[in-house]
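Below are the structure tokens for one structure; questions will follow.
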Amino acid sequence: MDWFYQFPSMDDNALRNLKKVIDETFRGFTRNYGDLIEGFFVPLQHFLIASERFMTKTPWPIITLLILAIAWAATRSIRIAAGCLVTLLLIGYFDMWDDTMRTISMIFVCTILSIAIGLPIGILMSRSDRVQRVVNPVLDVMQTMPSFVYLIPVVMLLGIGKVPGLIAVVIYAIPPMIRLTNLGIRLVDKDVLEAADAFGADNRQKLFKVQLPLALPTIMAGINQTIMMALAMVVIASMIGVQGLGQPVLKAIANQYFTLGIFNGLAIVGIAIMFDRVSQAYGERLQKHREVVHG
Amino acid sequence: MDWFYQFPSMDDNALRNLKKVIDETFRGFTRNYGDLIEGFFVPLQHFLIASERFMTKTPWPIITLLILAIAWAATRSIRIAAGCLVTLLLIGYFDMWDDTMRTISMIFVCTILSIAIGLPIGILMSRSDRVQRVVNPVLDVMQTMPSFVYLIPVVMLLGIGKVPGLIAVVIYAIPPMIRLTNLGIRLVDKDVLEAADAFGADNRQKLFKVQLPLALPTIMAGINQTIMMALAMVVIASMIGVQGLGQPVLKAIANQYFTLGIFNGLAIVGIAIMFDRVSQAYGERLQKHREVVHG
Amino acid sequence: ADCGSVTIASMNWQSAEVISNLDKIILNEGYGCSAEITIGDTVPTITSMAEKGEPDIAPEAWIDLLPDVVKKGTEEGRIVKVGSPLPDGGVQGWWIPKYFADAHPDIKTIPDLLKHPDLIKDPEDPSKGAIFNGPQGWGGTVVTAQLYKAFEAEKAGWTLVDTGSAAGLDGSIAKAYERKEGWVGYYWAPTALLGKYEMVQLEAGVPYDAAEWKRCITVAECTDPKPSAWPVDTIVTLVAKPFSEKAGPEVMEYLNKRSWSNETIAKLMAWMTDNQASGEEGAKHFLEENPDIWKKWVSPEAAAKIEAAL
Amino acid sequence: MAEHAFGGIAIRHLYKIFGPDAGAHVEAVRNGLTKTELNERHGHVLGLRDINIEMPSGSIQVIMGLSGSGKSTLIRHINRLIDPTAGEVLVDGVDVVKMPEAELREFRRHQTAMVFQKFALLPHRSVLDNTIFGLEIQGVARAQSIDTAMRWLERVGLKGFEHKYPNQLSGGMQQRVGLARALANDAPVLLMDEAYSALDPLIRTDMQTVLLDLQKEIKKTIVFITHDLDEALRLGDQIAILRDGEVIQQGTSQDIVLRPADDYVANFVKEVNRGRVVHVEAIMAPLGATAADSGQRIAADLTIEEAVRTLASAPEGDITVVDPSGMPLGTVTFRQLAGAMVNAHETNDRAMAIAANAA
Amino acid sequence: MAEHAFGGIAIRHLYKIFGPDAGAHVEAVRNGLTKTELNERHGHVLGLRDINIEMPSGSIQVIMGLSGSGKSTLIRHINRLIDPTAGEVLVDGVDVVKMPEAELREFRRHQTAMVFQKFALLPHRSVLDNTIFGLEIQGVARAQSIDTAMRWLERVGLKGFEHKYPNQLSGGMQQRVGLARALANDAPVLLMDEAYSALDPLIRTDMQTVLLDLQKEIKKTIVFITHDLDEALRLGDQIAILRDGEVIQQGTSQDIVLRPADDYVANFVKEVNRGRVVHVEAIMAPLGATAADSGQRIAADLTIEEAVRTLASAPEGDITVVDPSGMPLGTVTFRQLAGAMVNAHETNDRAMAIAANAA
């Protein structure tokens, strides 16, 4: 009756050998293809380095003005621009300017990349149930496979630094973007789509003139979640050498500097709120029609 | 011109003192109230322990049957039940049964708790723009404040173990549930709501008979994200003593057991897919009307 | 004996893992305790011990490496040091791979290496050499940063790379090793990694200077460090104050006596790594293979019971 | 109006302005600001202006008017789906505008039922579940509601479709689900916003009969918006005609057809099949003009169409028009009758004369 | 049918079955399986059965029928919004069913425009942007499309509303936006699914005029679904009547009103204002029955209503019916004319007799 209480699992030795084989295979793979793959990401690395240099080397008043200008252009809201200003000043006052700039540079690239990759995949997924069936489990893996598990393989392949950090962040942050784009498009009213068909809209036109505009509230929720999750990964990314606000947090934990952790954590939150409010307000500006309601 | 290149931040000494004061205050607080607060969570702890004991001590065939029965009852899909069976058998075969059961027990409680708390908050949020304006930034904080930062205070308050782990997981996993419930309800067709009003539906009736059913696709997306994020926290939770699949993962990293990490990571993914497919299929069963389309 | 329930903290590196499993087996079988292992990261675990008196035992704590938590906890009497599992102490320093040392026989000391920044290029700025530091918050990381200043590495064309975490540090070593690239950085022994990847410690070229060590090398804010060699680290077993009072003399005595040499643990870890073994398997293996060592730690009757249980 | 039974609906000085700052402009509108001016100067839309309508209990009030004239807005005020900017809506003597929330809910549950212009079915519920919705809200036991619902579904011709979802039905079928849902509620006030617009003539006539039967049997008060004049004339005890949020004319179908208040209304009723509306009375020459009682006699309250049909094979000559008791009232010729069916102006002129005489 | 110009629409042996496995049941349906049987035995819904309609270029084809009889399903086949289960739909000689995707798109862009029963406006676009939608899809320059759109918006009476969103408009206004959107497309085929159902009589007549003008000027081929008989008779060069997915009768308005194929159709047209449809010709007694040419003469193709109106003040006696060239064709009395306006059976019987004579 032993099997009843104890799951009859694989023989220990066999298991151990299996593990060894897999380990060795991967090691062999990195040995053979590591350089190739690393080379592939070199342009991205240069871009990331340049972007970070720009953010940290430019004098702070210029950066501040730049951020405010973007916030204003996107939202036309004084309230939001003022909020950004206060956040930035507080961050600077508590001496986290440089780390914050590094993190903003990184997260900005990650968010843009996640949207740029996630949106098309979400669109494809919404068009075909087959694609949806295939992509969904992949997204599950991306979201739940602990990043710790792939940190070392990624480092073995790409070394430590910005590129592997970016990959880890994007892997984690992209699924909600894809999922909610897919959902949003699938929920678009069939009657309206039929009208677009009747006028001979091709797939592109249907997408840009009907589906995306009507799916916008849901897609914006996806962008919000992507930003949130990218920022939630800041600390993990700093575990493989990405500079920014994650490192003081790690230091704070290791040393039990409770307040240091809170301050840097709040700076991350501040960035999150800035990114989120600006992008959501921009999204709302794109959907004026939802403001007016019959009755 | 120094201030131009270098943000004129707070004096180092003052900053250090500030940090110290906050640190000390918090430490004092935990020493005075820690036990009180811990006492408050004792019932939850007992429940968690009982639930874990049930999952690990019950013979595996019984647990397997139980899980299959739940999957079948919820989905009426042989494909999904078979998928669960295969996943469980593979997990058992690769000798991760006990850890998996611990994680399932934990995540199940976390998910249920997140839904149970998140749904009402999302509903409240959808009813009032004021509440939405207040809750949104709180959710931003919950999602982006690095869990590492609050792990330490939580541990200082509650020690290491299941309860602080659960709190950390729920804090991180609940925001998408709240956000997407809010969004889903807000997107419900105004015409249909007007009809409900015209028949004298009160808020409860409107909620249960109109808003929730029609918001279901979006709410289900929220549940999916909550499950994903809860499972993404498994490893972090294991850093403060929650047993389960997170611990072998941590060990794997520390010891560079690449394959061990992958296996346990895959077990986590397997749980994610099981939870997700069952809950989503259940959600689809609740919205039969979306299957039939005019034309 | 009436020992009651005990919680043993297992840290997530190999040596700590195996010793906590060893303690568990011995306490359970030999002293009738019902010991449980809780796994947790170092800092949360020790924080919890200091603030909540739980878990009861942290068998292997690198107190020189660990920051303020331990110091504060012991000063305030919330945790107690009992004995040392590794009397030889931990060896820290800057290491280079064996193949690298073999290829460059002229490099023996830190100053030797610093003359060749082109041998180990920084991936983000190839004009510089890279010294891989540990993650933020470790004592060794601070020391490395100070020694970097002391040896004037920056002037020699080196940057200090922050690896962010143990995983990052390990990964960078693994990457270099698999591709047979150059690598230099902070590490310590005994560790599984050094069992797996053979590394050579660089000598400082100067002797250990205790005063300087205390004055500047361990103080991050200090601006004028002088070179010094690394001292040997003390590794102790920590026990929460409440447990130390209720545990009873027998158990405390065991905890005091229990210790093994770096050689023993290195061999054990090599076996574990070869077999991808868990801590429990490692502990059992040790108990089976080395009765002469562990029987000295326990009373004869306990030894008999443990022997019987194996 | 009997105060003991259901007291009917009275709308008094009702104003509705759409816009963020509606209240501020009521006074100006009261003093004569027009819809266009309001829109141009203040960016607000005038929905309704000074509406006064009495709908006695047990009658069918038809509301007509140009598209966008405020019909839907008006009917929504009766169960306060829209809050007025000013004015009173008395249903059974109670001002709906002032009702507290809970009372309003009870009122909507038990006193009113509504059919929506755009159907507003619940897409996630089957036809049957849509139909019992109102009863479910009232808390009626499910078995009983299903009985009622099935009866009404059968009556509107949807038997066999009760387990389909709305998106599996044609437009007209969906509209009938909305109708069944409202009828199942059995409320004394029925609000019907273009409730028959998607129905074919056969089913439409049938549904009109349903309404007339209902109204005869249980004296419901029905407010009915329609664009179909024949329907309006068939159903409406009273008709109100709206333009730009104002009531232009109120009265019986005879009033509207025979004495249109202005060109707008006249145009509105131009296309109507007069033979079915106008009564013999309206076109007869009063007694005395010709000699006494000749052979043929017809009742004064027959429609012209009926009169022509009965007289088609009768001999030539004057026909005496008599009241229900047989008293001669006037005379008419076949040629006059036939002419009245096709000629708007003639009948109108005469009708005016009669009205003048009557006054 | 001129082959050089637009070739009209021809629907041949069209079948549509709704359900997952439709193709498998066509044969059975062809062999006489009924709608109810199909539903009960196989759970499939019969949408259309063996539809054959020829719509010549430049004509208006009206489709009528009970709610749920398949009208919307049929019209959707013409631009293949629904794929048929079997059959052909030839538009301008090309089978739409077999068109590859790209060609179908071009076809929809340039050959057809559609007005939907449920409007199907784009909620995120202003009225103006909704109206230019079709042109935008075609790739017309924006300035030019705005010109066209503004012209049509003005024509349907929505000038001043171009920057509102659909949810700020009344039902009828929304419907007119849908109409303007379709008309702006200037396609040779117009598909109109109950396009006027939410309009009041005035605007409706006006919109009918728009359609008639359009059709006169630029010879569009229009398929028009309506429930309003008068509208059908006014617009329809041809009328087809559907029941349960089958065509029961096709023909001109005269055919339908005077010679209903069965009781169903007869019932359908019962309520129609016959005076406006039936021509004098249809009720005259053929020459020879009475003596020769008396005083009064009227044209044979006048409607009865017009005839009565002209004859109202003429003297008694037989009236001679003449053809356009003045040739006497038959005689009729005023009394007969008036009677024909109100009495279905009589005219029908006579019409039958005439038809028999003609044959």
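Residue numbering begins at 1 within each chain, and the chains themselves are lettered A, B, C, D and E in the order written.
Operating definition for what follows: a residue touches a chain if its C-beta (ideal position, glycine included) is under 8 Å from a C-beta of that chain, and two chains touch if they have at least 3 such contacts.
The UniProt protein names, listed by chain, are A, B = Proline/glycine betaine ABC transporter permease; D, E = Quaternary amine transport ATP-binding protein.
Computed from a predicted model, the values in this text were never measured in an experiment.
**Student:** Which chains make contact with chain A and with chain D at once?
**Tutor:** Looking at chain D and chain A together, the chains touching each of them are B, E.
**Student:** If I count C-beta pairs in contact for every pair of chains, which pair wins?
**Tutor:** Result: the chain pair A-B has the most contacts.
**Student:** Let me have the rounded angstrom distance from the C-alpha centre of chain A over to the C-alpha centre of chain E, please.
**Tutor:** Centre-to-centre distance between chain A and chain E: 56 Å.
**Student:** Roughly how far is chain A from chain B, going centre to centre by Cα mean, in whole Å?
**Tutor:** 19
**Student:** Between chain A and chain C, what is the separation of their C-alpha centroids in Å?
**Tutor:** 35
**Student:** Please work out the Cα centroid separation of chain C and chain D, and write it as a whole number of Å.
**Tutor:** 90
**Student:** At least two partner chains per residue is the criterion; list those residues in chain D.
**Tutor:** In chain D, 81, 118, 167-168 touch at least two other chains.
**Student:** What residues in chain C touch two or more of the other chains?
**Tutor:** 43, 47, 167, 170, 174, 276 - these are the residues of chain C that touch more than one other chain.
**Student:** Find every residue in chain A that makes contact with two or more other chains and list them.
**Tutor:** 19-20, 23, 148, 151-152, 190, 194, 246, 250, 252-253, 256, 293-295
**Student:** Where on chain A is chain C touching in the complex?
**Tutor:** Contact set of chain A toward chain C: 16, 19-20, 23, 27, 30-31, 34-35, 45, 49, 148, 151-152, 154-157, 159-162, 238-243, 246-248, 250-256.
**Student:** Would you tell me which residues of chain E are touching chain A in their complex?
**Tutor:** 79, 81, 104-110, 112-114, 116, 118, 120-126, 133-134, 136-138, 164-165, 167-168, 185, 191
**Student:** Taking the touch rule as given, give the residues of chain C at its contact with chain A in the complex, in rising order.
**Tutor:** Listed in rising order, the residues are 43, 47, 67-69, 123-124, 135-138, 161-165, 167-168, 170-172, 174-175, 178-179, 275-277.
**Student:** Which stretch or stretches of chain E touch chain D in the complex?
**Tutor:** Residue list for chain E touching chain D: 39, 45, 64-69, 71-72, 117-118, 160, 168-173, 175-176, 194, 197-205, 227-230, 267-268, 271, 273, 275, 305, 308-309, 312-313, 316, 334-335, 337-339, 341-343.
**Student:** Under the definition above, what is the set of chain B residues touching chain A in their complex?
**Tutor:** On the chain B side, the touching residues are 4-10, 12, 15, 18-20, 22-23, 26-27, 59-61, 92-95, 97, 137, 140-141, 143-146, 148-153, 172, 175-176, 179-180, 183, 186-187, 190, 194, 217-218, 221, 224-225, 228-229, 231-232, 234-235, 246, 249-250, 252-253, 256-266, 268-269, 271-273, 276, 293-295.
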